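This is the structure I have questions about; it appears just below.
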Amino acid sequence: MAGSGSGNPNMASGEATKLRAAHLPEAQLSEQLRAVRDNLVGAFDGMDVIGFRGELTLVCPPEVVLKVLQHCRDDAALSCEMLVDLSGVHWPAGQREEVAEETTGWPRYEFGEQAGRIELDYMVRSLRHNHAFRIRTMLPDDDPRMPTATGIYRSAEIMEREVFDFFGVDFDGHPDLRRILMPEEWEGYPHRKDYPLGGVEVQYVGATVPPPDQRSY
Amino acid sequence: MSDQQQVAPDRPAQDDDADLTTEQTREERAVAAASGAAVAPHTYTVASGEWEDLPDAVEDDLMVINMGPQHPSTHGVLRMVLTLDGETVVDNKPVIGYLHTGIEKNLEYRPWVQGVTFVTRMDYLSPLFNELGYCLAVEKLLGIADEVPERASAIRVIMTELNRVASHLVWLATGGLELGSTSAMIYGFRERETVLDILEYVTGLRMNHAYIRPGGVVQDLPPEFAERVDTLVSELYDRIDEFEDLLTGNPIWVERNKGVAVLTAEQCLDLGVTGPVLRATGLAHDLRKTAPYCGIDQYDFDVVVADTADAFGRYLVRINEMRQSLRIVTQAVAQLPSGPVMVADKKVAWPAQLALGPDGIGNSPEYISKIMGQSMEALIHHFKLVTEGFAVPEGQVYTAVESPRGELGYQVTSNGTNKPYRVRVRDPSFVHIGALADLTNGLLIPDVIAGVASLDPVMGGVDR
Amino acid sequence: MGLEARLPDGILLTTVEKVVNWGRAGSLFPATFGLACCAIEMMSTGAAHYDLARFGMEVWRGSPRQADLMIIAGRVSQKMAPVIRNLYDQMPEPKWVISMGVCASSGGMFNNYAIVQGVDHIIPVDMYVPGCPPRPEMLLDGIVKLHAKIKREQFVERPRKGESMEEFRRRTGWPTAEDVELEGWAAHQPTRKSGESTVAAGTGAGRTSGRRAGGESI
């Protein structure tokens, strides 16, 4: 289902996500975002572009991200004054299957990755030009490290703490990298896919209902 | 004493209690006395004079005080570790996470529609905004963003703007209470009850409604809605004026809020602060105008801006935002188009129709008789849609709405299944907590309370 | 036989108990302890429309040391749990706890790693008010029932009006004379069953008076 090679330009996973700027479906992006795309693709090598539902995403390797963010903030045509969001998504390695057996006719979802990755999405917004777009990077999930963006946008400080708390990404140079929402001595990174939901069984009279991650429906 | 005379031979004879010595010196003297050697001490002798001229006997006199998490004046379970120089705050390290609920992870184990009930409980003062952001993201992923009926969009606008008024009223009430005005608390909650009456009339619940669903809203407006809203709006205009009479010219309110907790525009942008706090610095950035959603740009309203970047400016911005919201509601109700309230695509639309029966709200009897008695297909379809839900194409989108606190954004990632793969909520209160250190720098403790109140963080959104 | 269980000065105690319980129930001071959405409904209950002041409870004490009643309004996260226990311990006796909302009563809809599945894992609860969030009327109903519960408390356990000795024994754990073969003074001492509190000792809840003796429910 979500495997590679389906030719779907919206995919966030697998090898087929890489689309060169020349092959981007133009209709999905507005004029303004196309200009942004040209600006960034021209300024940096190795940028991949994804246009999906009118949104622009630029995928770049982790080493380049800070330079890209700096360029986004300082370049007059881009002028992104605000880092709106920094979020993470975990794509674990291995084949996974999601199947519901309680009722016939339900689909069986299969998806998998070659190597486990943690995707970081930096969403930047410009108030002057009124545009917003996403810088995406992929980190290996066994030892994810990333230099901190706090020097460029101070809002990254609190957001990087959250990404560290929930995914275990180590941000080099962060002034105060410690857990923010979980208790300080918590072990494990809850938003990773290999971390269980952690619910308890609910008991009723004559039956029990398993927690949501162990249900088969 | 013999020791003292031995150790400080050139000291003029004075009273012993005018002698100020440091601890170190006493220790040194003890050591000296023990070893029998003569040691020159650090002694400060004061005959008469001012305390300020006295060099600090202790170098570092910063005090670290913990405020919270249980505190009547922090907005919920916010803990601030304040480093104080006297009563002035030198550093403020907020500690959050006391309300962390794991909602984002919970969403990954439920079908897309059930996510609405989880998401609505994050920022609990503006639940309809949470639902709206989530549903807009899901609709964008589904590709049906243009197919949502106009009536549903208009209803969404009406309900969310009413929710904005209710949220600002709670802000006024709690902010007033924290600064000592119990009247503001009583008035604010009294007004909020009237707004909640309307929300209950439409959705069935006072809070955490689960009313806005992917594809539209779950049920249509009840019959006397327009009249009730008109009464409410005219009443609220008067009551907001009453609020302004109570507070805006009030010397206590002005003293406590003017010049307090200043965040300049550059600081706001750098720290990612949006919403009334940003608009109080003079920047007219409102997502309802710059990136409109649900057809809100067809209504005529102003973006309220103040130019003092302090707590008083934020107060003025919020009071006037309430008036603008009422303006939007009046226009929306007057221009309400007719039609369905759910998207036409049967694979997505919530199948059941709700109706008010003798025992409360539930599935309407006509619908029940249709699926149970008349059409097997409809029954299967209903069952499948309600239990399994719909599958959403893969991809990632970001949608943002202008919640009462700022930009509430949703980064929703789907991998093609019937459950979300990852929902990340960019809550404005969370980002504003990162601005607390800048906000409270150099303030006195009561001003910290006024500053935090003017920032209006809601801990449910901060901790999710 | 069972007469020794009834203290000879029970009649005098009755009036004192009634007065004391009436005083306690009539003027409960809640501690400000709202956590999440239920806190807003709790504030609404205290506000003008559903007034709590008519029950004597409008004085919300910021400090737990001055409060009688802790209304746990909202979901209790793992990080907050030790704080709640700390606050509960800071409250002086007599104290009562209302667990407001389903998240405080049982974890609610959040069956996951972050939420304690019911605040009664941490502190003893006197009244559970379900709802998500409970309407102010529901919270008031819970408060009124708690008042009724307080008014029925006894300093020294003795059978209630219309209660047989058998039921009394079952409720409190005092043995009848048939159970015990001790003599004299020893025959009148209660045997404590696990989980039930008695006159002399406070178990679990840390109570020192004879309230909440075993299995008491509305």
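Letters are used for the chains, namely A, B and C, taken in the order the chains are written, and counting of residues starts over at 1 for each.
Criterion: contacts are C-beta pairs under 8 Å (C-beta built on N, C-alpha and C of every residue); 3 or more make two chains touch, one makes a residue touch a chain.
Remember, it's a predicted structure, so these values are computed and weren't measured experimentally.
Farthest from chain A, judged by the mean position of CA atoms in each chain, is C.
The chain pair with more C-beta contacts between its two chains, of A-C and B-C, is B-C. Put simply, the C-alpha centre of chain A and that of chain B have 25 angstrom between them.
Mean C-alpha positions place chain A and chain C at a centre distance of 48 Å.
Averaged Cα coordinates give chain B a centre that lies 34 Å from the centre of chain C. In chain B, the positions touching at least two other chains are 97, 100, 102, 105-106, 463.
Residues of chain C in contact with two or more other chains: 78-79, 112-114.
Within chain A, the positions touching two or more other chains are listed as 182-183, 190, 195, 197-198, 212. Chain contact summary for the complex, chain A toward chain B: residues 1-2, 8, 10-13, 52-53, 55, 57, 81-85, 87-90, 98, 100, 103, 105-107, 109, 111, 121, 123, 127, 130, 132, 134, 153-155, 157-159, 162, 176, 179-183, 190-191, 195, 197-198, 212-213, 217. Every residue of chain C that touches chain A in the complex is listed here, in rising order: 78-79, 107, 111-114, 117. Per the touch definition, chain A reaches chain C in the complex via residues 182-183, 186, 190, 195-200, 202, 211-212.
Contacts from chain C toward chain B in the complex involve residues 32-37, 39-41, 43-44, 47-49, 60, 62, 64, 74-75, 77-80, 83, 87, 109-110, 112-115, 132-133, 135.
Remark: chain B residues 69-72, 76-77, 97-103, 105-106, 117-118, 121, 124-125, 170, 173-174, 185-186, 189-190, 192-193, 206-208, 459-460, 463 touch chain C in the complex.
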